[in-house]
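What follows is subunit A paired twice: with subunit B in the first complex and subunit C in the second.
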Partner chain A sequence: MAPRECEICQNNRAQILRPKNHARICAPCFTALFEQEVAETIESSNLFQPGERVAIGASGGKDSTVLASVLKTLNERQKWGLDLVLLSIDEGITGYRDHSLEAVKRNAADLDLPLKIVSYQELYGWSMDQVVAQIGKKGNCTYCGVFRRQALDRGAAMLGVGHVVTGHNADDVAETVLMNLLRGDLPRLSRATSIVTSTPSAAKAKSADGKVTMTNVKRSKPMIYAYEKEIVMYAHHKKLDYFSTECIYSPEAFRGSARTLIKNLERIRPESILDVVKSGMDMARLVPQEQGAVPEEVEMTGRCGDAKESGGEMAAMERKLQQDEVAATNGIGVEIQLPRSSKNDRELGSAHAHSRETVALKAANDHPDGQNHDRDQLAPVTLPTRTKMKQKPAGRGAEKRTLPPKQKLGQCEKCGYLSSQAVCKACMLLEGLNKARPHTGIEVG
Partner chain B sequence: MAESTSIPLTIEFTGGLELLFSNQRKHKVDLPSSKQSPNVADLITYLCDNLMKDPRKDMFVLDGTVRPGILVLINDADWELEGQETYQLQPRDEIVFVSTLHGG
Partner chain C sequence: MAHDPPNNPPISGPPQCARCPLPSLAVLRLHPLCPTHITQYIHTKTIKRLETFRTRYSSPNDPPRRLLLALSFGVSSTSLLQILDLHLAGQRERVGRAGVEVRVLWVRGFNEGEEGKEEGEGQGEGRMQRLRERHPAHEFATLELASVLNLVPGLATSLLPNPDLDASTPTSHRLDALLTSLPSASSRADLKRTLLHRLLLHHASSTHCSALLYGSTTTLLAERTLAEVASGKGFALPQLITDTPATTSEGGVQILHPLRDVLRKEIQIYASLVSPTLTSFLIPEQPVGAKAVVNSRDATIEGLMRGYFEGVEEGFPAVVSNVVRTVGKLQVQPKLEREEKVADCEVCGLDFVQEGEVERSRVCGGCVRMLGHAS
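Up next is the complex of A and B:
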């Protein structure tokens, strides 16, 4: 095949075949275009405020390494005036995270950006190596994911940062969309396909008294439209230094299959990846959203080592956790909720001042997935899960969103982390771990 | 061309693929060329049979070609621009295999 010229500069030899439009371009034109497209995503969705302090979730892997490099470049070129900082989580996985953290440190030095590392060990008293020694490899990704969510928030809080950007790319999002489809879990699409997600607990905390709390952290994915292939090519041509391996504890089965499917599709029809992302976004608009959303959702970043949420095993663990939490919540909620049945709920509606108060209390106890398991148990009315939110009296649904929640009930009683449950997921997990291993002076945070 | 000729190539594995090749990124390979001019398909077979010590062959090769998600660069250009497996190798060509499948 005769070498072709770059379609853009008409000068250099074409080196890149763009998956999204089959353009044949040279490496310099490609890296410029890649940066320009990330800038367009950021500017068109008003991702950043001028002068904003932004933490880049950095794992040392290709995605966050490219993100850090591109943001550093764009911040100067576009004059955004951002105060950028790298934020890394040390899960305590010997032979994996220790090596990738070395890559993060080299990136920090190369890019001249400050780096903050927060470890599970310091936050929770347990490294993942210790967790795995205790519970085995099965299900450990759930621990890792739950811990990570808080760790990023806490790390951000330590840095005084209200915005964390992550390296999620189009392939990652397409995978997640497929997995949600395959699990029949459409309500999660909205979160998976949003460029910006803000934890609802954060929103509540803000509306309560305007105070900024540590969970008031915005998350965003500036590379949501970037192909993994192009991210790797960018890293290659810019000679970026990144670390790549699988997490040694990763089971990966379900996500692995979704990945394989995506990569097979890409080879036949590369446009498929962005099309799946766009379809996911369209479907998210059509599906009733996860009510309130998911303050304590398991963190999803990177491959599993980056504790990206969920194989089937993971989903099962999650359900188990949620049931445990329901039990815990009922323990404290019972006094308030017993006198009311779901029938009463409807009859009383929201007009009574008395019920307003109760609604507010209950709202804070609502399960993060919006399914109100506590109420299911107290007043067993069988409604189809998918339509349940709609069938509730409209007034109440609206109030749940607008009434200021009771701040106290919105916090984990153990660690103070914003939680819709009495005890947050991380503390539930820690309780189990610590029971088995007598552990003194647990200071979560 | 005599039967014993070979083509000197530089092969590089990155993005995590090096883990399957003795944890070494760069390899000098003399590709035996009994036929006129071996192509990239011949190279892949050769690497799989001779250079790869890791038993997990399917992490590199699947259905007779490189596994989807592994990018191939021929002299720093996407192999899709160069004819993929049918590209006829020249002495001192540089072939890079980059995995996009490994996380970080």
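Up next is the complex of A and C:
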């Protein structure tokens, strides 16, 4: 193809074809435009307060490395006056974090930003390696996921920082939108498309003088409109130093499936990624109130594993849905369910599935004739025991989305983290772990 | 048959039907069923979606309500016609009258021309004629897809005015020019489907039909859900996927998908049991594998989703249903912010939220992208 000149400066040779609009531009124009677009996202949604202390969730990977570089640049250029700090979580997985933490350290030095590394060990009393040693490789992803979701907030609270920005990009968000459509999880779909997570996550922190304080931690995604491909290009042209590997533990089938779809969509029509993000934001506005709130920090932050099509999670979901269907076909399904008490809720995994199986067996001779059932009237299939929170829908127009002023959410009685249950998921998991190895609860600070 | 007592089934043979002692033919939603009970199952699932049109809700003096069935000669819509036909015949026998009257509309120029293989004129007409003979109780009509450009006001002006093609140019040429001007195979498929919908709705309303019936199965609706999301039309999912409730369509035309609780593979099994056979009416489907090739220029989002859900339906049918059920939980319209208002898109006709001073704001974001005018 004949060399073309940059559509913007009309001077340099075009090196880059932008996936989202097919513009052919040169590298300097690209990096300038990339930064400008992140700045627009930030300014149009009033993400930051002047002088605000902001922690950048830094994993050493490309997304957070680019985010840190762009924010550092913009903070100076746009005179936002932010007090930026890099915050890294050390899960304690030998051979996984070591190298990426080195990358974060080099970044901190290059960008001249302070770096705080908080370990699972410090936050939870357990490193992931220890968790794996205790429970084996199977199922440890649950731990990694639950711990990780809270780790940035807890770490921020430890630092006394009220705002954490993460490197989620358009591809991540698009993937999460499709994934949650497949899983039928509208609250998470809403949450994934919010630039600012509408539910502030609270975390209890002990300051240096031993005082315990509650910090509301706000989360935001300044790169929600940035293509993964462009992030890689930005890192390349800015010669940023990042570490590329993904968590070595188990994959999530739905995410893997959604990711494959997103990659294929991008090949057919690159604009689709932003269209999925836009669709997700619009759909968030259609989620009815009672479906709109996600009381806990349950959004998938960071991903666990480059998902292979293992199908395990999908198969489990399929079984559950089929059982629900059978239960719904028979009026009896509803009555046989276990009485709801908080004790049972905590064991919903096994107990619930068990009761459903009973139903399925009893119903095996029943004909699916659709005479007396209307599944659509029944409770949503996802996590039936989650308490519904009455509050504003998470999804409003993304640009105008700000934190609702006051919210009454439950807090974990052990650690103070926002939770719909008396004890948050992390504390529940820790309880189990600590039973086997006598240990204290979460000792924050 | 008689010397093959059902209470002594062959050990390696198919399991017994869950409803009767006959051997089962297939397993539907965990239940092995015999041909009779498969047919009954599909009929029940389908007719249940048409509850509002039951005879008991109308008085014998009312004229029967009209339903417009969109026929594509695919397995689903052809089977839907079969189901309705049998149901109404049964009703006439039992109650002496049918509460509804079915009109069948086939739109020429929609599903032909894929892969450049135009189905011969005569072939389509031939199918139509044979189907009319098979179902003499119903009225059949044929329209040209391109005619929508003249029929639906606003379309011609919002879709591209190529100065060389004025109103005197035949609509089929205008449509061809329009399709060629689009940026991708996906856009072309989207526009054709959009125009088809508008034509069907227009026809339904001008012929005083109470409802427009599509043959969309659960699987197709799930595919369309993800395809629409990928085309920026997430805002319109309830309008596109969910059945119109009877109450909100006063005077208007309800849009219904009576096969929405039936999987594609289930309707295929059903169709294979219909006698006399439906095969000679059906337009043969292209193998999905060819459609799903992602790297080809002709790859479409629709085709990608078709291939994807074929796999999901095979292993995880309940996940397919769950996608459609999830869309059913969405509200039709969002709460509006102060400066927003709802308008109907001049191209697709769907309600969308006008966001401030967008150029061409009479057209929704999804259609702007489809037409490739995004800057």
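The rule is short, and it goes like this: the second predicted complex is superposed on the first by the 298 of 445 C-alpha atoms of A that agree within 3 Å, B and C clash if a C-alpha of one lies under 4 Å from a C-alpha of the other, contacts with A are read in each partner's own complex, and residues count from 1 in each chain.
Here is the rule we use: a contact is a pair of C-beta atoms (placed from the backbone, for glycine too) under 8 Å apart; a residue touches a chain by one contact, two chains touch by 3 or more.
A quick note: this is a predicted structure, and the numbers were derived from the prediction, not measured.
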Exercise for the section: In the overlay, answer first, second, both or neither for which of subunit B and subunit C A:282 touches. Expected result: second
Practice task
Answer with first, second, both or neither: which of subunit B and subunit C does A:125 touch in the superposed model?
Solution key: neither
Exercise for the section: In the overlay, answer first, second, both or neither for which of subunit B and subunit C A:178 touches. Expected result: second
Practice task
Could you say whether A:14 touches subunit B, subunit C, both of them, or neither, answering first, second, both or neither?
Solution key: first
Exercise for the section: Go through the superposed model and pick first if A:92 touches only subunit B, second if only subunit C, both, or neither. Expected result: neither
Exercise for the section: Report for A:267: first if it touches subunit B alone, second if subunit C alone, otherwise both or neither. Expected result: both
Practice task
Examine A:57 and indicate which partner it touches, taking first as subunit B and second as subunit C; both and neither are also allowed.
Solution key: neither
Practice task
May I ask you to decide whether A:162 touches subunit B, subunit C, both, or neither, giving the answer as first, second, both or neither?
Solution key: neither
Problem - If touched residues of subunit A are counted for subunit B and for subunit C, the larger one - result: C
Problem - Residues on subunit A lying within both footprints (that of subunit B and that of subunit C) - result: 264, 267
Fill in the blank from the handout: Counting only contacts in the complex, subunit A reaches subunit B at residues 1, 3-4, 13-17, 24, 27, 59-65, 100, 103, 171, 228-229, 231-233, 236, 242-247, 259-260, 263-264, 266-267, 302-306, 308
Problem - subunit B residues touching subunit A - in the complex, by the definition given at the top - result: 14-16, 19, 67-69, 71, 73, 76-78, 80-83, 87, 96, 98-104
Problem - Of all residues in subunit C, those that touch subunit A in their complex - result: 18-19, 28-31, 33, 37, 40-41, 44-45, 48, 184, 186, 225-226, 228-235, 237-238, 261, 294-295, 299-301, 304, 308, 315-319, 321-323, 325-326, 328-335, 337, 340, 353, 355, 365-366, 369, 374-375
Fill in the blank from the handout: Within the complex, subunit C is touched by subunit A residues 21, 177-178, 181-186, 261, 264-265, 267-269, 271-272, 274-276, 278-283, 285-288, 291, 311, 314-315, 317-318, 321-322, 324-326, 360, 364-371, 375-376, 380-381, 393, 396-397, 400
